[in-house]
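You will see two complexes here that share chain A, one where it goes with chain B and one where it goes with chain C.
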Partner chain A sequence: MEATERQTKHRKTALALSLIPGFGQFYNKQLLKGFMFLILTVSFAVAFADLINIGLWGIVTLGEKLPRDHSIFLLTQGIIAVLVILIGLLIYFLNLRDAYLNGRNRDLGIPLNSVREQYRNVTEQGFPYLMLTPGFFLLIFVVIFPILFVILLSFTNYDLYHSPPANLVDWIGIQNYIDIFKLDIWRNTFIDVFSWTIVWTFVATTGQIAIGIFLAVLMNQKDLKFKGIFRTIFILPWAVPAFVSILVFAGMFNETFGAINNDILAAFGIDAIPWLTEPFWTKVALILIQFWLGFPFIFAMVTGVLQSIPEELYEAATVDGANIWQKFRGITLPMVLFAIAPILITQYTFNFNNFNVIYLFNGGGPAVSGQTAGSTDILISWIYKLTFTSAQYGKAAAITMILSAIVIGVALWQFRRTKSFQEEDMM
Partner chain B sequence: MSPKMQKIVRLTLSYVAIAIACVIILYPVLWIIGSSFNPGDSLSGSSIIPKDATLDHYKSLFNTAESDYLLWYWNTLKICIITMVIAVAMISCMAYAFSRYRFVGRKNGLMTFLILQMIPNFAALIAIYVLAYVTKLLDTHFALILVYAGGLLPMNTWLAKGYFDTIPKELDESARIDGAGHFRIFWQIILPLAKPILAVVALFSFITPFTDFILAQVILRSEEKFTLAVGLYKMISDQFGNEFTTFAAGSVLIAIPISILFLSLQRFFISGLTAGGTKG
Partner chain C sequence: MKRFFALFLTLVLAIGVLAACGPQNNQSSSNSNEGSSSEGDDANKPEKLVVWEDTDKGIALEPAIASFEEEYGIKVEFKELGMADKIREQIRLDGPAGTGPDVITLPHDQIGQAAVEGLISPIEVEQSVVDTFTESSIQAQNYEGKLYGLPKATETPVFVYNKELMDKAPETMDEVYDFSKEYTKDKNYGFLALWDNFYFANSVLAGYGGYVFERTDEGLDPQNLGLNNEGAVEGTQYIQKWYEEDLFPKGLIGENGGSTMDGLFNEGKAASVMTGPWSFQGYKDAGIDIGVAPMPKLPNGENFQTFIGVKGWHVSNFSENKEWATKLVEWISNAENAKIRYEKTGEIPPVKSLIEDPIIADNEAANAVAVQSSYGVPMPNIPEMAEVWEPAASALQLVATGKQEPKAALDEATKTIKSQIEQNHSN
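Right after this comes the complex of A and B.
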C-alpha cells in the first residue's frame, strides 16, 4: 500500500494529544467523538472530585477526629472512590486506545468511520455490554464490594473496643494474622477449629459419598422389585429443606425428650448418650446427620451414571469369571468416580462451609471455657460467632481470608483438571 | 453354592439393606409428623402414634394473633419469587451476551464468574452485615433479595451460557438477514428455545433463598420480617422443648409442599446439576 510508505506519524501524535481526553480525536478530525470524550472526562472529574477526595483521604487515615469521623463509613466511601477511579481510568484508557487506533488507520491510509458509522458501531458493539450492565452492577455491589471490604477489614483493628461512632478504627497491617498464629488464645482456638473442620469435611463427605454409591449400586440390580418407590424414598432427605431436617434432628437428639435416647436406645437397653453436652457425641451426631442429609444427592447422580454403563462390560467380566466384588472394583467404581469427580469436589467444599448443620444442630456447642469457638464450630460458624457474639470484626475478616484462600485453592486445582478450562471456545 | 441359591442370598441381603435404609430415612419424618399431632406443648411421655391426636398446633399456627408463622411464610414466598424474577432476567441477558458476542472483556468476565461461583457469598458475611448496617438496609427484605440475586448470578450464568451455546447460531443469522434486531433475536428466538434451562435456573433461584438460613439470620432483625428458616429456628431456640409440638407442625407445613415440588421437578434439578458439575 502506498500509504505505508509515506511514513506519517499520526498514531503517535494522536496518542500524545489524547493525554488530554478528546484532543487526539480532534486531531483525527472526529469532532463529535472528541467532544464526547472531553465532556465525559470533565463531568466525571467535577462530579466525583469530592467523593474521590474524601474517599481517598478516608481510606488512608480511617478518620482523625471524633465525633466527626466514622471510620467504617470512610472505609466504605474509600472503596467506592477506588471503584470510581478504576472506571475513570477505563474511560481514559479507551480514549487513548481509540486515538491510537484511528491514528494508525490514518497512517495506513484506511479511511476513518463517519459519524453515522460510528453510531452504528456503538449500537452494534455496545449491545453485549448493555445486556451485561444490570447484572454486573448487582455483582459489584453485593459480591465484589463485600469481598473488597473483607480484605481491607482484615487489616484493621475493628472490634468491640475500636468501633464507631464512639471510637476510631485504625490500620494495623497484618497484625490480625500474626495474632491468630502467635497469640496462644487465638492459635489454640484456630488449631482446634481448623482441625475439626478438616476432620468433619473428610469424614462427613466421604461417608455420604460411600453410602450414596452403595445404595445406588444396590438399587441398580435388575431383578429387584419396587424400585420406583424405594428411589423416591431415598431422594426424600434431599427434597425436605435442610434447615427443617436439621432442626428436627436437634429435637430427636435432645437429651430430655428426644426420640433417640428415649425410644430407640432405651428399646435396646442402652443408657442415654449425652448427644448435646459431650463434644465427642455431638461430633458423632453431626456426622451421622450429614450422612442422612447428603447421600441422596450422590445417590441420584450415581444412579444416572450407572444406567449409562454398557451391559457388555459386565457380561465380558462374567465370562472371565469375575465375582460381584471384582466387577464392582474393576468396572463400576472407576466409571462412577470418573463421571462424577467434579461434583464430588464441590461436595467437599460444600461441607467445608456447611454452616447450617453445625449452627442449627447445636450452635457449634457444647461451649469450651475460655474460647470464642464452641467444640464443634467449623471455620465459617466461628466467623459468624466472632462477628455477632464477640464483635471481633477484624479477626473474623482475617479468618474469612484464610478460609477463602483454601476454597479458591481447591477450586483452581479442580479447574485445571476439568475439560472446559482448556476448551478454546470457553473464552 | 448353586447360582439359584446365590441369587436368593444376594436379593435377601439387598432387601434387608434397603429396608434398614428406608427405616432410617423415614423414622425422623414419621416422628415429626407424629409430634405435630401430639397434644400438649412438650413431648414427654409421647409416642410416635399419638393416642389422642389433635390439630391444635396447626390451628394456632394459622391464628395470626398468636403466631407470626403465616407472615413468615408470606415473607419467604415474596422474597423467593422476587429473587427468582430478578435473577432469571439478569442471568438470561448475561448468558446471551457471553454466548453470542465476542467483545473486549469477555474472557476476563467469564473468568471472574468462574472464580466467584466457587466462593459462597455468605463467606463475606461480616461485610454483608456491616455494609447493610452502614447503608441502613439492615432488617429489610430489599437487602436480602439483592444479596440472594447477586449470589445466584455467577454459577447460573455459566449454566445458562452452556445451554445457549448449544442453540445453533444459524438461527440468529437467518433472523438477522430477515432484519431482526439484537433484542428481538434474543427475545423471540433464543429465549423460547432456552426454556428448559431457564426452568432449571428459575428452580434454583427459588429454592436457594427458600432454604437459606445464614444470610437471613445476618440481615433480618425483627420478628415480623423473618423468613421461615429464621422463624422456625427462633421458635425452637427460644424455649427449646416448650413449643416443640407447634414447631413440629410448622416443619411439616414447610416440608410437605417443598418435597412435592422437588420430587415432581427432580429431573430438572439433576439435569441442571450434572450440566453445571461437568461444565464448570
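Right after this comes the complex of A and C.
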C-alpha cells in the first residue's frame, strides 16, 4: 500500500486537472460524472455570464449613467449574482473534492465506484440532501436575499433625493450609522425610543408570562369545577384578531367617551385618566393591552406542560412537608420554565418588534416636542415613520440593522443559557 | 503539460469575464433615446395608452375614454388603484420594468416627491388650456416652475351642520362660539373640529397670517417658514381657547379623533363639524340631515384659509408616448369630461366654467366646497412638506392638552422642521 502511494500521484493530477471541471473525473476514468460536471459548468457559465457580469459591475458602482441605470435594480441583481457565484463555487469545490478523493482512492489502490454504485450512492445517502435542495434554494432567495439587501442598503445614501430612476444611489460606508449617533435630533430620539422599547419589552412580556402561568396553575387545581368553561374564556382574547381588540381598546381608553373612564373608573369614584394624551398613562394602557393580548398563549402552553408533570413529585413533596408555595417554587416553576423557555424568549423578541399594538392604539403618540418620534414609539414603529414619511430608506435600514443585532444577540445569549438546550432531560 | 493547459484556460476565462465587465456603452445610447424618439405625429401613434385611475372612480373615466378613442383612434385602457399610496408604490416598480401606465392620477401633495424621484414628467400644454382651470388648482400642479399635470378634482374642508340642531349656517366664528358656549353640555357639542391635526388647523393659522412655506415667484421656499410668526401664534391661541374652555373634548385629541368626531356627529351629539367632502356620504347614511356651508369668518374678519387638495392627471416619466399621453390628459380633464366626472362621482373639478354652471352653483354642498376652495391655499406640494406634518401636529397637540403655550410649541416645531429639512432635504 505505502509503496503504491509513493509511486503514483493520481490525487494531485486529478485535482489539477479538475481546475477545468470534469477533466479530473475523466482522468479518473469516471466519464459520466465528468461529463455531468463539465456540462454543468458550461451551462452555468453560459446561462449566468450576463447576470454575473452586470450584477458584479452593478453592485460595485450602483450605476453610472442615467437614465440607463437603476441603482436599486442593479443592487438586487448584484446580490443575486453574488449568490449565484457562491452556488457555482460550491459546485466547483465539490468537483475538486470529488477528483481529489477518487484520485487518492486510486493512489491507495481502492477500486473506484462504478456508475451503478455512484447512482445508488446518490439516491440512498444523498436522498435527504436531494429533498432539501429545493427548499434550501427557496430559502436563499426568500430569506437570505432580503437580509443581504437590507444590510447593503444601510451602507447607501438611498433617500428621496437619491432615488431611482431620477438619481443614482451611492455607497457611503457607515455614514448612516454615524449620523444616527452624531446628529442631535437623531441621537436624542434614538435614545428615548430605545429605552422605552426596552422597558416595554420587559414589562409587557414578563407581565403576560406571569399572568399566563398564574392563571394556568390556578386552573389546574384538581378540585376546580367547570375547568372547560374557564379555559375557554381565558383562550378567547387569543381567538379575537389582535388588531380588532386593539382598535376596540383604543375606543375604550378614550378620555372623554371611553368606557374605561366613564363606566369602570367612574364606578370606583376615580377621576378620568388622560389615557391617550399623557405619555405615562398611554404607556400603562399599552402594557395592559399587551397583557390582555399575550397571556392566553402562555396560558394554553403552560396548561399543556402542567398535565405532564408527574403527580409523584407533588406527593413526595407533601410527605416532606412542603407548603404550596414551596411546591410551586421547587417543582412547578422549574418544570414549566424548562419546557417553555425557548418560546418565552421568542415572546420577548416578538414584543420588541410588536408594531401592531403601538401603531394601532395611538400611532406612537402622544407627541413629544423636539423629536421625530412619539412618546410611545418603539424602534420598529419609528422606522416605519422614517421610511414612510421622510423617505430615509438608508437610515431606516441602518436602524433596522441595529435593531436586528440586538434581537439576535439577546436571543442567542438566552438560547445558550437556557437549560432546554444544554441538558438532554431534566428528570 | 495538461496542467499548464488547464491553468492557461482558466486565466483566459478570467480575463474574458473581467474585460467584458459592465454594460456595453452603445447599448445605453439606444436606450436613452427611446424617450424622445416618439415625438408624436400621426405616424407614431401608439396602439394603446394605459391610465391608472383612483378606485371606484373609473365610472367617470369611461365616457371620456370612449370619446378619445373615437377622436384619435387610440385604444385606452384603465385600471383602478388606490390613489393615496398604491399608484405611487406601483409605478416605482412597474415603470422601470416597462409595464407601467402612460397616465396616472395623484393627490397634488405628492407631486414634488414624484417629480424628484422621476416618476412623472412635466407637460407642455397651451396657455388656453391652463386658463380653463382655477388659479389655485394650477398652482398646485406646479413644481419648481414647471407644470406637472392638469387638475382633475378638488376638495377642501367646509362647515357641515346638522339641520335639526342648527337652523342655518352661521356667518362668523363668533356666532359659532356663542352657540357652542351655550349648547355644549352633557357630552353634546356645538361645534367640533380636529384642530390638533395640522391639515385642519392650518386654516386657522393661515387665516391669522401664518403660512407654512413662503410662496415666491419660483414656487415655495422651504427655507422660509411662517409657522411661528405672529399670525400663526395668534391663530394657535384661538385654537387653544376652544380646548381650554372644554368646547372640544379631550377625547377628540390624537390619532383616533376623526372617527370620534364622525361618531358624535352621526349620533346627533355634535351640532356642527369642520370636515371635508369625503365625510358627507357617511353622515347621510347615518340619517343626518346635513347642511353644508363655507367656513364662517374668523374673529379677525378673515376667511379660513383651508388647505385645498387637488387630484390631478399626470404623465408617467416612463411612458414612451408622452406627447399622446399629454393629449389624453388634456382630453379627460376638459370642461365636457369634467362635467361628466362631477355628475358620476360628485368630485368637483376646478374648471372655471363648471363652477359657475348651475349644476354646481345650485348644489349646496358642491357650491360650499367650490366657494371655500376659492379662499383656500393649495397644500404645499414640495417634498419638504413631509417634515412639517408630524412636528406641527405635535405642537398643536401639546397646546390642546395644555402642556405648552402656543408660542413655545410653535417655536419648537419650527426648530424641528428646520433641522429635519436641513438633514433630509439639503442635497
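Throughout what follows, the second predicted complex is superposed on the first by the 338 of 427 C-alpha atoms of A that agree within 3 Å, B and C clash if a C-alpha of one lies under 4 Å from a C-alpha of the other, contacts with A are read in each partner's own complex, and residues count from 1 in each chain.
Methods note: contacts are C-beta pairs under 8 Å (C-beta built on N, C-alpha and C of every residue); 3 or more make two chains touch, one makes a residue touch a chain.
The structure displayed is predicted, hence computed values, not measured ones.
Colleague: Looking at A:E312 after the superposition, I want to know if it touches chain B, chain C, both of them or none. Which is it: first, second, both, neither?
Modeller: neither
Colleague: Taking the superposition as given, does A:D271 touch the first partner, chain B, the second, chain C, both, or neither?
Modeller: So A:D271 meets neither chain B nor chain C here.
Colleague: First (chain B), second (chain C), both or neither: which does A:T389 touch?
Modeller: A:T389: touches chain C, not chain B.
Colleague: Once chain A of both complexes is superposed, is A:F73 in touch with chain B (first), chain C (second), both, or neither?
Modeller: A:F73 contacts both chain B and chain C.
Colleague: Please work out whether A:N254 is in contact with chain B alone, chain C alone, both, or neither, and reply first, second, both or neither.
Modeller: both
Colleague: Does the superposition put A:I20 against chain B (first), chain C (second), both, or neither?
Modeller: second
Colleague: Which partner, chain B or chain C, is in contact with more residues of chain A?
Modeller: Between chain B and chain C, the winner on chain A residue contacts is B.
Colleague: With both complexes superposed on chain A, which partner does A:G135 reach: first (chain B), second (chain C), both or neither?
Modeller: first
Colleague: Please write out, lowest number first, the residues of chain A touched by both chain B and chain C across the two complexes.
Modeller: Touching chain B in the first complex and chain C in the second, residues 73, 250-251, 254, 256-257, 363 of chain A appear in both lists.
Colleague: Taking the touch rule as given, give the residues of chain C at its contact with chain A in the complex, in rising order.
Modeller: 2-3, 6-7, 9-10, 13, 17, 20-23, 28, 31-32, 35, 95-96, 113, 116-119, 187, 249-256, 260, 263-264, 317-318, 383, 386-387, 389-390, 393-395, 397-398, 401, 404, 409, 412-413, 415-416, 419-420, 423-425, 427
Colleague: Which residues of chain A touch chain C once you look at their complex with the stated criterion?
Modeller: Residue positions touching the partner: 13, 16-17, 19-20, 23, 45, 49, 52-54, 56-57, 61, 65, 67-70, 73, 159-167, 179, 183-186, 250-251, 254-258, 274, 276-278, 362-363, 365-372, 374, 385, 389-392.
Colleague: In their shared complex, at which residues does chain B touch chain A?
Modeller: 7, 10-11, 14-15, 17-18, 21-22, 24-29, 31-32, 35, 42-44, 48, 89-91, 93-94, 96-98, 100-101, 103, 106-107, 109-111, 114-116, 118-131, 134, 146-147, 149-151, 153-154, 157, 165, 182-183, 186, 210-211, 213-214, 218, 229, 232-233, 236-237, 240-241, 244, 247-248, 251, 254-255, 258-259, 262-263, 266, 270, 273-274, 277-280
Colleague: Within the complex, which stretch of chain A touches chain B?
Modeller: 72-73, 76, 125, 127-129, 131-132, 134-136, 138-139, 141-147, 149-150, 153, 215, 218-219, 221, 223-224, 230, 232-245, 247-252, 254, 256-257, 259, 263, 292, 297, 300-301, 304, 324, 340, 342-343, 346, 349, 353, 355-356, 359-360, 363, 380, 383-384, 387-388, 393, 396-397, 400, 403-404, 407-408, 411, 415, 418-420, 425-427
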